[in-house]
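Shared between the two complexes below is subunit A, which pairs with subunit B and subunit C, respectively.
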Partner chain A sequence: MEKPKIGVDTKRLEAWDKVTGTAKYNADFITPDTLHAVMLASPYAHAKIKKIDIKKALKSEGVLAVITGEDAPYLTGSMIHDRPPIARDRVRYFGEPVAVVVANTEEQGMKGVSLIDVKYEELPAVNKIKDAIKENPILIHKDLSRYTYAATDIYPKANTNIMDHVKIRKGNMKLGWSESDVVVESTFFLPQSDHIAMETRNSAAQIMHDGTVIINTSTQGPFAVKEELSDIFKIPEGKIIVKTPLVGGAFGGKATIQLEYIAYLASLAVGGKKVLVRNTREEDIMSSPGKLGVEGYVKIGATYDGMIKALECIYYVDCGAYADTAPRMAKSIASDCSGPYNIENIYCDSYSVYTNHGYTTSFRGFGHTASTFCIERILDKLAKKLSMDPSELRIKNAIKENDTSPTQDKITLSNTGDLNACINKLKKLINWEEGTLIENEDGMIKAKGMACLWKTSNSPTDATSGAIITTNSDGSLNLNFGATEIGPGMKTTMAMLLAEKLKMGVEKIHVFMDVNTQVSPMHWKTVASMTTFMVGNAVLKAADDLIKQLKQVGAIALKCQPEDLDVGNEMIYMKTDPSKFVFFKDVVHGYKYENGNAVWGEIIAKGNFIMRQLTPLDKETGKGKSGMSWTVGAQAVEIEYDPRMHTYRLIKAATVMDVGKTINPKTSKGLVMGGMNMGFGLATREEFIHDDDCILQTTSLRTYKVMRFGEQPEYIVDFVETPQMGAPFGARGLAEHGILGIPAAFANAMSLATKEEFDTLPIFPETIYKKKKEVEQ
Partner chain B sequence: MLKILDSTVITLNVNGEDRKVVAKPSDILLYTLRNELGLTGAKPGCENGDCGACTVLIDDIPIKSCLMLTVEAIGKRILTVEGLKNAPIQKSFVENWGFQCGYCTSGFLMVCHSLSKMHPDADDVTIQDWLQSNICRCTGYQEIEYAIKSILNGGSSDIEGSTF
Partner chain C sequence: MIPFEFEYYKPDTVEEAVNLYDSLSNKNKKVIYYGGGTEFISMARRYNMYADAVIDIKAIPECNEFDFDGDDLYIGSAVSLSQIADINKFPLLSLVVKRIADHTIQDKITLGGNIIGTIIYKESILPLLIANSDVVLENKTGKRRVSLNKVFNKKLLLDEGEMLVQVIVKKEYVNFPYQHVKRTKNEKIDYPLLSVSALKDNDTINVAFSGLCEYPFRAKKIEKILNEDSLAKKDKIDEIIKNIPGEILHDVGGTKEYRKFMLGAIISEILDSFQEEE
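Right after this comes the complex of A and B.
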């Protein structure tokens, strides 16, 4: 019998391509007929465009066309149609594309860009959330109430900078506060930052003679690209083909559509020729969307014995100059605002706010890193006030069966998992009981902080996936689905699921590594840690279809009934007597009788999946269902603080997550560790810094710092496995979650070590020094 | 002295072969490798020397090919990831899950390969010194640490702790 596949470390299918340089990403397909589009970026955060003179640029060698906003009278956006692909009349953030030069070479394009003369009239910019929401603010979108909307459940406030307001009203706040013996409140701030996928965003477009549009792009959502291009440019969807090879990291930043619009417009300007637009690192940071910033105000009440009774929170989400997906993240913050705890009385307002910062889109964690930071910091403050061990407070209030979520969704063990099992396992891994604060003889202080996490998917209510299996005459299978390979090894996971189901070797499953929307079945987007769940379910359904067909044709070959048969090891065999069998290879392309007659033909199997029972949130109460399940977990960070220098060292970080079932253990651990590492980036260094004129200062990897080799602590990752019903082998999503609690756990450890409260990220040694000075004075 | 004023045919020694390429004085090596020779293993990540994704070896030393002019490479031995033939670090990266998206991998491999040749007994400080030149955004670096340590003298038995 074939060995099990699930739970066994399996190297990614494309592993050797990635260590030999043969793995190709979108901009690696270099052809001599490709033209290059180069963008001119706005030098102002907010300005009127008075005049654009392109005459000189057009005369420059190799320049074929120059396009400006005047050539592109479109408004785009996955929620609100508020963003022109190339700025029109005004610019609303530093780095916004103002003109695009199409040239034979990138170099000629850059030269052309330098010859464009733009006259701006600078306007005062909204640089802070508080300025965006004050009375009579500078309005960034005067037309907010006149825009059209791609979503129905979005509630902009006319003549303000508030594009959406999500409310959670659960239980009875008056009762909650009256039952609370202790109340703690605080404000928190997390700045905007960037995804920094190593492959910068890039897209190419070509328009064929019959109007077919071919887009080659580095994206998480080829099908969304097709849909939105069709919607904006009024091209029938069937006339758009989107192709995506391996993607060099994404983290949410490639889930939206930006350069695809520009590539299409550029191709249109040169008669449909193939045009590539490729971000420089600077453009990837300043022109393309980043991660949202959040200001949170949180107030929590509990009894003396630590039972949480009430939670009030107000979140202002700095979405930047355009809406993109940001309001969905504000919704996601509200939906899960309690953290993985049972709180019966909740009042939460989550506002999506326009500023003149760069616009933002989905980022690993989909807003949950911010809400987790706020709730987990306030829990430590509450624990301190109650003189209670922070882990005990969390265990006492951990969400469990029959509780309800902030959106009043019923909690089951299946749809969340076992948080307390995670906390208890974590405490052992991080040696919590030795003490969370230890002062060494040399004066160094060792401190530990903890944070719990939960997250649900927040997908559209009708998000869908599909899978197609075709067959080869060597008995191997071809698997094709619409999720792009952005790093988490999803192509491999799907091969494992299919191999397990067919009881055959993973090496005999050939996965179509690219996505081609004309060939691959649809997948909503490769986001939200939902690929294993959604595509996995489609693959399992396709596997059932395949097995059914194999048994039907096998029954003909073996002269029996399909129900007499089973499959395994690339054979269809009699259950009662496995020595009677036919090989897959002899039937998958039809069965041939001895006399030459043949029946059946190629076996082609299919499966699909759609989200179930999801609803938008009620406008007034927030009641609704944002996802089919949560993943819960607990994280801890151990640091060493030097009180003389105010520096710190990351010693150890641990995560225990209830993943339902570990499909590919090393890959799962790697994903969680990667998330944790990114969490340390947010905790210790990553931020967008704007000067007084709202100009982004951190536009390169020299000024925008990320974690580098050797700065990471020792990572420990472990899992709890409480299966999720209806999920492939019980597996929950886990790809984003490693990031969620790390900034909070780190800040909790730092606050403990320094005896100061750190409620703003990132925390630099300089921040600690300043805080200490402040207190001294 | 070589004098190049415009596009000129020059010879580069790449992965052990002499290759003729057309280059302008302003072309960077990364551009020539990718666009003239189709060696796309070296990746543009920042084109500013900050991320290391374009690292190649020049006379065995890791160099960011975005910071080197093509003409500077004349007469030198250029080794790209495509020129690695079953180098221990390739297998080690595969076996230690040293990458996810794979975009930074070529650069890391070149740095690690050179390190293992030049400092086969490298200690932690030396390893960190060398590998800080590159950025990986997917992994937690721990996997890369295991990958490099397992090919240095002393091997993987030196690696402590962790459940990985």
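Right after this comes the complex of A and C.
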């Protein structure tokens, strides 16, 4: 019998190509006929475009076309159609594309860009959330109420900067507060920041003579690119082919559609020739969308013995100049606003707000990094007020079977998992019992902080995936599905699932590593930690279809009934007597009788999946169902604080997550560690800094800081396995979650070590110094 | 990608290099001497730096020298930071350069480039300033060996077409007790919030700073305060902070107030460390 495939460390299919530099990414495919598009970026955060003079640029050597917003009267956006692909009439953020030069070479394109003369009339900019929401604010979108919407459940407020408002009204607040002996409240702030994927965003477009549009792009959503291009430019969907090879990191930043529009418009301007547009690092930071900023106000009430009775929170999400998917993250913040705790009375308002900052799109955690920070910080404050161990408070309130979520969705062990098992395991791993605060003789202070996490997905209610299996004459299988390989080894995971189901070697499963929308079955988007769940289910269904067909043709070959047969080791055999069998290779392209007659033909199997029972949230109460399940976990951070210099060192960080079932253990651990590392980035350094004129100051990696290899603490990752019914082998989503609790656990540890409260990220040594200084004064 | 064309020369001698500079400049070309290229490449790609011609000095033997000759240590301007650290002829300098950028970049950055480049911190000059080094400068009209402290004021004061050929450090300085403390905004590898090098010349501490003002400096006044026996440590720190010879930096890396705090903490650390060594 073949050994199990699931739960066994399996090398990624693309591993050797990646480590030897052979792997190719989208912008590596430059053909001799490729033209280059280069963008001119707005130097202002908010201004009227009075005049654009492109005459000189057009005369510049190698320049074939210059396009401006005037040439592209379109409005785009996955929720609100509020964003012109190239700024039109006005610019709304620093770095917004204002014109695009198409040239033979990138050098010539840059030269052309430098020759464009734009006259602006500067407007006052909305630089802070509080200025965006004040009475009679500067309006960033005067036409907000006249825009069309791609989503139905979005509620913009005319003549304001508020593009959406999500409400959670659960239980009875009056009762909740009356039952609360202790109340704690705080305000929190997390700045905008960037994804910093290693591969900057890039897209190429070509329009063939028959009208076929070929888009080669680095994306998490090739099918969304196809649909939205079709919708915006009125191109029949079947005439658009989107191709995506390996993607060099995404973190949500490639779930948006931006450069695809520009590449298409650029190609259109030069008669359909192939045009590539690729961001420099600076453009990727300032022109393409980043991570949202959040201001949160949270008030929580509990009894003296630590039972949480009421939660009120107000979130303002700084979405920047355009909506993109940001309102969905504001919804996601609201719908999981309680954290993984049972709270019966909840009142939450989550507002999506326009500012003149760069616009934002999905980012690892989809808003949950913000809500987790706020709820987990307030829980530590509550524990302090109750003189209770923070881990005990969490254990006491941990969400369990028969509780309900903030959107009044029913919690089961299957759909949520076992948080307390995670906390208990975590406490052992981080040696919680030794004490959370230890002062060393040399004056250094060691402190530990904890945070729990939970997250569900937030897909359209009808998000779907497919998988197709074809066969080779040696009996091996080809697997094709629509999730792009953005780094977490999903192509490998799917091969493992199929191998497990067929009881055959993973090396005999050949996965189509790219996505080509013309030949790959659809997958909604490679986001939301949903690939294993959605595509995995489609693959398992395709495997069932394959097995059924194999048995049918096997029954002919073995002269028996299909139900008498089983498959394994690339054979179809009699259950009662495995010595009677036929090899896959002898049937997958048809079965040939001894006399030469043949039946059946190539076996092609298919499977699909669609989300079940999801509903949008009710406008007034927030009642509804965003995702089919949650993943819960607990994280801890240990730091060493130097009270003399106000500096700190990251010593250790641990995560225990209930993942249902680990499919590829080392890859899963690596994914969680990667998330933890990004969490430390947000906790200790990553932020967009704007000057008083709303101009982004951190536009390059000289000033925008990310965690470097070697700066990370010791990482410990472990799992709890409470299977999720209906998920492939019980496996839950885990790809994003490592990031979620780290900023809060870190801030909890820092607050404990310094005896100050840190409610704003990131926390630099200077932040601590200033806090100490304030207290002194 | 560098979006403009430029001429590239790699002469074998200093004479050739300075003559090239002269002849190219006379053709109204913007010329730069070129070491590791980390600044030029990273800045030119965004038009933040421009040159019509670059003269790569890495093939010139004098610029690659790194050894003692009698009582003098010669360090060529094209010696890379990695070479300085690995060969380790001047331990304080080794320590300082190991904290500039990351290892990959240290393989590229040259001593000359770090001192003359546009990035303001130039940390490798700190040990050289306090070791009373000489520099060898040369242009078409001739060669001069001068005290670094005389020709460095906020930047290296070069005559037209002059290139930095070598730095010369006296052997005795190489062996003096030393301290180096670098603090950044938060990271191991970053521009300095404050970088301080100190060297104890018998009973006198020489000290130089980077990250405090828009340029690195060594100031007589500060050294006088630091070496004033009658002052307590705390008073020394207060006096030094009052006597910083320029505007204190205040930017995304750190506020003025914080840099002052860090200055006090670092001076205290350095004084304590020298004391412990005694």
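One rule holds for everything that comes next: the second predicted complex is superposed on the first by the 777 of 777 C-alpha atoms of A that agree within 3 Å, B and C clash if a C-alpha of one lies under 4 Å from a C-alpha of the other, contacts with A are read in each partner's own complex, and residues count from 1 in each chain.
We take it that a contact is a pair of C-beta atoms (placed from the backbone, for glycine too) under 8 Å apart; a residue touches a chain by one contact, two chains touch by 3 or more.
Since the structure is predicted, the reported quantities are computational estimates derived from the model, not experimental observations.
A.B. asks: If you stack the two complexes on chain A, which partner ends up touching A:Arg708: first (subunit B), second (subunit C), both, or neither?
C.D. replies: both
A.B. asks: Between subunit B (first) and subunit C (second), which, if any, makes contact with A:Pro97: first, second, both or neither?
C.D. replies: neither
A.B. asks: Check whether subunit B or subunit C contacts more residues of subunit A in the superposed model.
C.D. replies: Larger number of subunit A residues touched: B.
A.B. asks: Once the structures are superposed on A, label A:Val19 by its partner contacts, choosing first (subunit B), second (subunit C), both or neither.
C.D. replies: In the superposition, A:Val19 contacts subunit B only.
A.B. asks: Report for A:Thr280: first if it touches subunit B alone, second if subunit C alone, otherwise both or neither.
C.D. replies: So A:Thr280 meets both subunit B and subunit C here.
A.B. asks: Which partner chains sit in contact with A:Gly624 here, subunit B, subunit C, both or neither? Use first/second/both/neither.
C.D. replies: neither
A.B. asks: Could you look at A:Gly482 and tell me whether it touches subunit B, subunit C, both or neither (first, second, both, neither)?
C.D. replies: After superposing on A, A:Gly482 lies clear of both subunit B and subunit C.
A.B. asks: Identify the partner contact of A:Met678: answer first if only subunit B is touched, second if only subunit C is, both if each is, neither if none is.
C.D. replies: Once the two structures are laid over each other on A, A:Met678 reaches subunit B alone.
A.B. asks: In the overlay, answer first, second, both or neither for which of subunit B and subunit C A:Val717 touches.
C.D. replies: A:Val717 sits against subunit B, while subunit C stays out of touch.
A.B. asks: Could you pull out which residues of subunit A sit against subunit B in one structure and against subunit C in the other?
C.D. replies: 107, 280, 702, 708, 710-711
A.B. asks: Along subunit A, where are the residues that touch subunit C in the complex?
C.D. replies: My answer: residues 106-107, 110-111, 114, 280, 282, 644-645, 647, 684-685, 689, 697-698, 702-703, 705, 708, 710-711, 764-766, 769-770, 773.
A.B. asks: If you look only at subunit C, which of its residues touch subunit A in the complex?
C.D. replies: 1, 3-4, 45-47, 102, 183, 185-191, 252, 254-255, 257-258, 261-262, 265
A.B. asks: What does subunit B use to touch subunit A in their complex?
C.D. replies: Per the touch definition, subunit B meets subunit A at residues 26, 34-35, 38-48, 50-51, 53, 80-82, 84, 90-91, 93-95, 97, 99-106, 109, 124, 127-128, 131-132, 134-145, 161-164.
A.B. asks: Sort out for me which residues of subunit A touch subunit B in the complex.
C.D. replies: So the residues of subunit A in touch with subunit B come to 11, 14-25, 27-28, 30, 107, 196-200, 246-251, 280-281, 486-489, 666-667, 669-671, 673-674, 676-678, 700-702, 706-712, 714-718.
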